[in-house]
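What follows is chain A paired twice: with chain B in the first complex and chain C in the second.
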Partner chain A sequence: MRMEKYLRSMVMWHIYVGLLAISVGVIFGLLQVLSRSGIYVLPPNIYYQGLTLHGVLNAVVFTTFFIVGFLYVITETTLKEKLNKGLVYLSFFTMLIGTLLAGISILTNKATVLYTFYPPLKASPMFYIGATLLIVGSWIAVLNTSLTFLRWRRNNPGQKTPGPMVAVISIYTVWMLATIGVAIEVLFFLIPWSLGIVKSINPELARTLFWWFGHPLVYFWLLPAYLAWYYILPKVAGGKLYSEVAARIVFIMFIVFSTPVGLHHQYSDPGITNVWKGVHAFFTFMVALPSFITAFTIAASLEYAARKNGGNGLFSWWKKLPWGNYFFAYMISAMIAFIFGGISGIVNASYNMNQVVHNTSWVPGHFHLTVGSAVFLTFLGLSLYLANKLTGKKIFNEKLGTLSAYLWLIGVLIFSWGMMQLGRAGIPRRTNLGLAPYMTPEERIFMIIAAVGGIIMFISAVLFLINFVGTLLNKKEKEVELVEIDYADAYYKETNLSPIWDNWKVWIGIAILLIIINYTPVFYDVFRATYFVEGGYSPFSPLPMK
Partner chain B sequence: MDRYENIAIRAALMLIGVFFIAVIGLAILKGIDVPTCITDFPPFKEGKVIKLSDKEYQVQILARMWRFEPNRIEIPAGSKVIIYTTSADVQHGFEIEGKAVNLMAIPGAVNKAEVVFNKPGTYRFVCNEFCGIGHQAMYGEIIVK
Partner chain C sequence: MKGEERFIPKGAIAFFIAMILLYAIMWFSIYFLLIIYRGG
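On to the complex of A and B.
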């Protein structure tokens, strides 16, 4: 596929911005784990400012920029249709300006509200406006992709959507459905309140709108990783995607079940009847199903690859996987971490069981295995891969990539184990524990273990950055004319596919219907049981802001 | 779709079903539940402990930057405690160590849980939602005698 020079360079710029964000983010990650463990205690204002940066830069800026860039590549290479150049630039610069506005307000300590920005903690209006622009910029990318897809549909009547594009549609649908919630929260409540146009705000309503967005957000991060695991990894490992139909069903299930589940972040909240919390728990369990299918299908795809490489036996085939390949190393480490991340996620989703772990250190233990490893490592592997494919430069040192992937896996397993032990003991998350008077010496030991893991993770991230920058400094091997992504062939191909599996209106319609059904009673409860309150607070003073 | 894939999907569905039934079954049969919506208790302005009977207490926890009111509660062993939480300023959390009590304390809303303390001892409760620079020092104790 010929890809225009501007797009190749713009995709790389998305990756640069993302990696720049994460470079700052991981430094604060290291500082937090040191401060929490008491090894190097930070003053609270810096700790929480750093925590805000860590969350916003890693989980929002890095992911959004990377995903938008990555999906441009997938869209053009699978559809062989051109994206609109003007919209690519408009989207990028809107997101960039948004990021700068939000970044400046955090760096000047005017938005130390963490990445959940729960009111009545009040940030400067620039923070909310910046976040809005970041999201609006991503919407422009979705618009661009949608127009391109619709043109492909017109030019290719009767053809079914190619597999990787099914994933792109799923990712962007989930994103659009998710961002409705946060857009209502920010545009109608937070911005007018932070500008002083309205005096009062309903914190519980804001939470509910935030988590409408907050959970599908994690699938917006995860599904691009699934895209790589399904459609690229099997080819790199020397095999095929086991089942094309399974992949399609999985991505469609995420469209349907990703959003009507937000209450599993709010099991401990007032003002919402427990029955609706149970309903959302049920749908959260349903959204675990496509991940179970993924575990099976990817394992089958890898087994096929290993057997083709000469592997045999019931289990010993895994020895024949390309463990030394950097791309494989990043993906397999991501997937191993995700096994534990997924299981701990089911614990979080488990309604009453959540009461033991809600807002404890268990939760960051969990999500550093999911977004912080499954997604993060996949994106790092893809960053090197795309840098090679789009710039034509040789990867600086593939072995260094392999090493950094496994090192992260070791680090995160230690880190998360320590954090989860603390969580079970009731030690909170998002807390500068180095200064907490209630920590016992035994608990301190678990936090030090977590810090050891955190230090290993940091070293791994530095090795990655050396490798990535080294790659950029390499000389161009050849002029890139064609961009070839290693898409895997399917072992079981889709034959006689019912048209319903290619009808996006139906699935998006069902998703919207489920959101309406699952959220109407919740908002009814919130409006009848909770109140608007006046005033806003800075994190630095218990007195209301003037 | 091939046979093994089919089996894997069915097995996953069954596993999920068992998990869900176990969780909800426990809520219904054993009463281990999450907080629900209450409308009969408006947000309060001060924290207090009210003795309802020898073995029953009502505790109104007012969370504020950066302390709980009250932050030291003494009750006899075997007491049932009905806990209400709300906040005077920003969002807080209220979590009792070793008990399945984990309540958000949200301004403009009231949350409720019931818990029985059979074993004597000191139970730590902490704020588990970020509430500003004093957050890490926000905790209290329930002393069961």
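On to the complex of A and C.
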């Protein structure tokens, strides 16, 4: 596929901004773990400012920029249709301005509200406006992609949507449905409140709107990783995607089930009836199903590759996978971490068991395995891959890439084990434990273990950045005109596919219906049982100050 | 698939079963912790 020079350059700029964000974000990650373990204790204001930077830069800025850039490549290379150049620029600069506004607010300590920005913690209006622009910029990218897809449909009547594009549609649908919640929260409540136009805020309403967005946000991060695992990894490993239909069903299931699940983050919140928390718990298990299908389908795809490479036995075929390939190393490390991230997530989602781990160190232990590894490592591997494909420059050192990937996996397994053990003991998250007098010596040991893991992760991230910058400094091997992404063939192809599996209106309609069914009674509960407060909450009492 | 030897992903099935067993062990370890917390 001939990809215009401007787009190749713009995709790389999306990656540069994302990687610049994590370059700062991982430093604060290291400081967090050093402070919590008591090795290097940060003052409280710096601790929470750093925690906000760590969350916003790594989990929001890096992911959003990377995903938008990556999906441009997937859209053009699968549809063979051009994106709108003006919209690509408009989207990028809107997101960039938003990021700068939010970043300046956090760096000047005017938005130390963590990445969940729960009121009554209040940030400067610049932070909320910046976050809004970041999201609006991504909406422009969705508009651009949608227009391109609709043009492809008009030009190719009767053709089914190509597999990787199914993933793109799923990712952007999840994103659009999710961001409705946070858009209402920020535009109608947080911005007027922070500007002083309205005096009061309803924290429970804001939390409910946030988690309407906050959980499907996880799938916005995760599904581009699934896209790479399904459609690129099998070919890099030397095999085929085991089942094209399974991949399509998985991405459609995410459209349907991603959003009506937010209450599993609010099991402990007052004012919402148990029935609806239970319903959201049920749908959370439904959204785990496509991940189980993914585990099997990707394993089968890799097994096919390994057996073609001489692998045999029930388990020993694993040895014949290309463990020394940098791209494979990033992807397989991401997936191994996700095995543990998956089960820890199922524990979180299990209604009564959530009470054991709720708001404890278990939670960051869990999401460093999911977004902090499954997503992060996949995106790092793809960053090197795209740098090679889009600039024509050789990877600086493939072995360094492989080493970095496995080092992160080792680090995160140690880090998360330490954090989860602390969580099981009831040690809280988002707390500067280096200053806490209530930690026992046994618990301090687990905190040190987590710190050792965190240091290894930091070293891995530095090695990645050296490799990435080294790649950019390499001389061009060839002039890039055709961008060839290694899309895998399917072993079981989609034949006689029912039109329903390519009818996006149906699936998006069902998703909207489920959101209405699952959230209408919840908002009724919230408005009935909670109220707007002026003074916010005191940290010394769970009751609102009136 | 045409012209290829039929591929049955026995290894993937074994992996999936092993993963479910691992999940069960980890899930029940927290479940029993819950029971202990409740004084059971």
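Simple rule for what comes next: the second predicted complex is superposed on the first by the 534 of 546 C-alpha atoms of A that agree within 3 Å, B and C clash if a C-alpha of one lies under 4 Å from a C-alpha of the other, contacts with A are read in each partner's own complex, and residues count from 1 in each chain.
The definition used in the following text is that contacts are C-beta pairs under 8 Å (C-beta built on N, C-alpha and C of every residue); 3 or more make two chains touch, one makes a residue touch a chain.
Just so it is clear, the model here is predicted, and its values are computed rather than measured.
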Chain B versus chain C as contact partner of A:Ile343, first or second or both or neither: second
First, second, both or neither for A:Asp502, with chain B first and chain C second: neither
Which superposed partner A:Phe296 touches (first chain B, second chain C, both, neither): both
First, second, both or neither for A:Arg429, with chain B first and chain C second: first
First, second, both or neither for A:Ile272, with chain B first and chain C second: first
Partner chain(s) touched by A:Glu81 [first = chain B, second = chain C, both, neither]: neither
Partner chain(s) touched by A:Val356 [first = chain B, second = chain C, both, neither]: both
More chain A residues in contact [chain B versus chain C]: B
Touching partner for A:Tyr492 - first (chain B), second (chain C), both, neither: both
Chain B versus chain C as contact partner of A:Tyr304, first or second or both or neither: second
Chain A positions touched by chain B in one structure and by chain C in the second: 242, 292, 296, 300, 346, 350, 352-353, 355-356, 492
Chain A-touching residues of chain C, taken from the complex the two chains share: 1, 4, 7, 9-16, 19, 22-23, 26-27, 30-31, 33-34, 37
Chain B-touching residues of chain A, taken from the complex the two chains share: 44-45, 48, 51, 114, 118-121, 202-204, 207, 242-243, 245-246, 266-275, 277-278, 281-282, 285-286, 288-289, 292-293, 296-297, 300, 346, 350-356, 358-360, 425-433, 435-438, 492, 525, 528-533, 537-542, 544
Chain A-touching residues of chain B, taken from the complex the two chains share: 1-2, 4-5, 8-9, 12-13, 15-16, 19-20, 23-24, 26-27, 32-39, 43, 64-66, 85-86, 89-91, 93, 95-98, 100-104, 106-112, 124, 126-137, 139
Partner chain C, residues of chain A touching it in the complex: 242, 292, 295-296, 299-300, 302-304, 306-307, 311, 313-315, 317-318, 339, 342-344, 346-347, 350, 352-353, 355-357, 424, 491-493
